[in-house]
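Mind having a look at this structure? Questions to follow.
Chain IDs A, B and C follow the sequence of writing; residue 1 opens each chain.
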Amino acid sequence: MAENDSWEPKIIGFLCNWCSYTGADLAGTSRLQYPHNIRVIKVMCSGRVNPQFILKAFQEGADGVLVSGCHPGDCHYIKGNYHARRKLTLLHDLMDYMGIDPGRFQVSWVSASEGHKFAEVVTRFTEQVKALGPQTKFTGGEA
Amino acid sequence: MPDASAKEAQVRDIARRWLASGEVRYVIGYAAGRGNVARAAFVRRAGDADRLIWNPTCVNNLTLFLREEMLRKLAKGEKPDPRPIGIVVKPCDSKTVVELVKEHIVDPARVRVIGLTCEGVCDPKKLVGTEVGPHAVTADTIADKCTVCRLHNPLMADEVVGDEVPETVEDDYSDVAEIEAMSPEERWAYWERQLSRCVRCYGCREVCPLCYCAECVFDREKPYRWNERTVQLPENLWYHAVRAMHLAGRCIDCGECERVCPMDIPIRKLNRYLEKKAKERYGVEAGRSAEDAPTFGSCDVDDPEEFIW
Amino acid sequence: MANTIRKDRIAQLVSRLTDYDVYGPVEEDGVFLYRRVTGPPPPGFTNSRVPPKSIFFPQTETMMEFEKDGTGHRFVGAREPERAARKILLLGGRPCDVRAATFLDRLFTWDYIDPYYVDKRERATVISFTCTGPMPNEQCFCPSMDGSPSGTEGADMLWTDLGDSYYVEALTPKGEAILSAGGDAFGKAGKKDAGAAKEVKAAADERITRRFDREGVAAALECLFDDPYWDTVSEPCLGCGICTLLCPTCHCFDINDVVRKGEGRRERTWDTCQAAYYSLHASGHNPRPGKKHRQRNRLYHKFLYIDRNLGIVGCVGCGRCIANCPVNIDIIEVAEGTKTCAEARREGAGADAKGAA
């Protein structure tokens, strides 16, 4: 059990270049504390995130995946995050339907000025994934 | 179906006429098959039009061959033939034509549609072990997709064969609701059992008229292999989840994937769930009209987002 | 001298076979599959969808495991996965599938001895069941391929269903070993049992009605390689892998390295000649670019190449490819069609020659 106690989830974060990535930067420059479990991949827009990226991250061993973009209406590309919202909401539904812990996948809107919100989202999501334990359904590993 | 043979004669007549006048290159229709499934027939001469049939074995969706032809690269030295291709469709198949037109795969000017009215066809899997040949469509033999079908009259048809059939049941998605009612653990156990069986023959992909990527993500090797060839649950799960997402909001529930599956995986239950969700959330429905915007190609400021932080 | 076993004693027999991993047919959502079992085959069992070749030649099999060294750039520690030492028992193969295993034996020991297959095969004892009960499908034709619903080729034992019991014949020392391990789970067979078994076997033979006249197919294929015949045949083909993946004699595999998180494995997975990537070269060139080339390859391999190389026909007549083909491609029809086609071409050529003269 000792191993389990020290277990830390691996979380992949797809952050949009214009808002959330800058928001994460702000969290850093403001010296806000948040769990170090998140590994950030910068994308130009949350609309770039193909649902299969998320499933692939799970297959490569991620325990949780966070996608974060500009607030609705604020997209640098006008509608990118609206498109993301449709796709990712259906993916979330599908994960629920197939019984693959939809709690491991989260979308959030974080603007460039919301360093605090970014830290909160990462903290809350890390707690949520920690509670779910290691992800094994896509890796075939043992729980 | 008392009028099946009359409809069959009419289909043959239309095909004969089109082929004799040379207005179509060929007609894709149904011919008698082995077992309880009709065979695709490619009729090139008016004299062969009598090969065409219409009966409850015509369960398959032939629009796949139309899409294949539309995307085919011309052979070396081959001149493009501008004449349209004739195709025989059921109402459900006609939704695929609509979807293919919507996605700019099929140019409506390059297709002539013989649309049949339809009140259901037989599921060949329900007829295993019975005598081979057309069976009557009864509650025991009807294909599952037909029991929830709302469309009995073809869309986009140049010639309609058969009298108009009134719309019947509203689809209640009870098959999907059954799974939704399970606990998350039960749902996982269910899909784990189903998807462990998959042999990854890719029959569901190959038969799907809407799976037309030039290079499918599951075949892709360069620069990155998305899914390993390993035939085990994690990879099978990835395959089916990604495939369902690729068809979300596009699938018109022709049921071909489930029909061809040699391992009897209930693939329709995945696709129909997303169909239901897309309808509930965004009011979109695939295959209604070629004028509709594609589900993922459109968006609305007020789309629901209850799970987003 | 033969024996019998009551159906309700099969579980007891299995429990006594402590050094065997026992595989048998099970029904899962209406599909028969081979899995580890502890009891008799389910009532009404018929041919599985995936043939039992998967027991000796799993669809995915690890050949080697390795890991990255400290630098993260080199792979070290390549090792073969530990091989099981336990014996394997296939309880309830159908004669066609069991016969197919003898083809695979020839193939996997032909020019290179395949250690993975041979290892499992050597540990295995095979019990064939005379093909009774529901028909596997309406399309099977084993008698035309020199097989029989009560055939014993490749089997160590043959069990024949007599209602409440099976009539048991041990055919090899491996089969005898099962008999002695089973002890009193088996009973002595009387004259009546022998007579009944004979009748069951005759009835099993009779109900297979499809015939395939393969005489002349190989000769016809010799002269049809570039024929437009293959365009017609392959026109409705989807290019899925159902016919080949479900075939008990198909044996192609693909070898891949699966690397993840600093460790990896080399594994082989069944491949199918019906997929475009099967013959795709690294250069991007594909010598079998179209469906027709791939359909043609299937026929040539089954009825010509393997005959040339090993002197066997690559088909046992189980009918799976016909029954499960989504578009009704029928291997008998296609193979017999080559003969008519070759005949027509010869006549055509003859007429041309005359015309020229």
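Just so it is clear, contacts are C-beta pairs under 8 Å (C-beta built on N, C-alpha and C of every residue); 3 or more make two chains touch, one makes a residue touch a chain.
Being a predicted model, the structure only gives us computed values, none of them experimental.
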Inset, instruction - Name the chain pair with more contacting C-beta pairs, choosing from A-B and A-C. - result: A-B
Inset, instruction - Give the label of the chain whose average Cα location is farthest from that of subunit A. - result: C
Inset, instruction - Would you mind checking which chain's mean C-alpha position lies nearest the centre of all protein C-alpha atoms? - result: B
Inset, instruction - Round to the nearest whole Å and give the separation of the Cα centres of subunit B and subunit C. - result: 31
Legend entry - Length of the line joining the C-alpha centres of subunit A and subunit B, rounded to whole Å: 35
Legend entry - For subunit A paired with subunit C, centre-to-centre distance based on mean C-alpha positions, whole Å: 46
Legend entry - In subunit B, residues with contacts to at least two other chains: 232
Legend entry - Two or more partner chains touched - positions in subunit A: 139
Legend entry - List of subunit B residues in touch with subunit A within their complex: 179-180, 182, 184-192, 217, 226-227, 232-235, 237-238, 241-242, 244-245, 248-249, 270, 273-274, 277-278, 281-282, 295-296, 299-301, 303-305, 307-309
Legend entry - subunit C - residues contacting subunit A, complex: 260-261
Inset, instruction - Spell out the residues on subunit B that touch subunit C in their complex, using ranges where they run on. - result: 33-35, 37-40, 42, 60, 64-65, 128-129, 132, 193-194, 197, 199-203, 205-207, 219, 221, 228-232, 256, 259-260, 262-264
Legend entry - Of subunit A, residues touching subunit C in the complex: 60-61, 139
Inset, instruction - Under the touch definition given earlier, write down the residues of subunit C that touch subunit B in their complex. - result: 28-31, 33, 49-50, 59-60, 134-135, 137-139, 235-236, 238-242, 245-246, 254, 256, 258, 267, 269-270, 272, 275-277, 322-324, 326-328, 330, 333
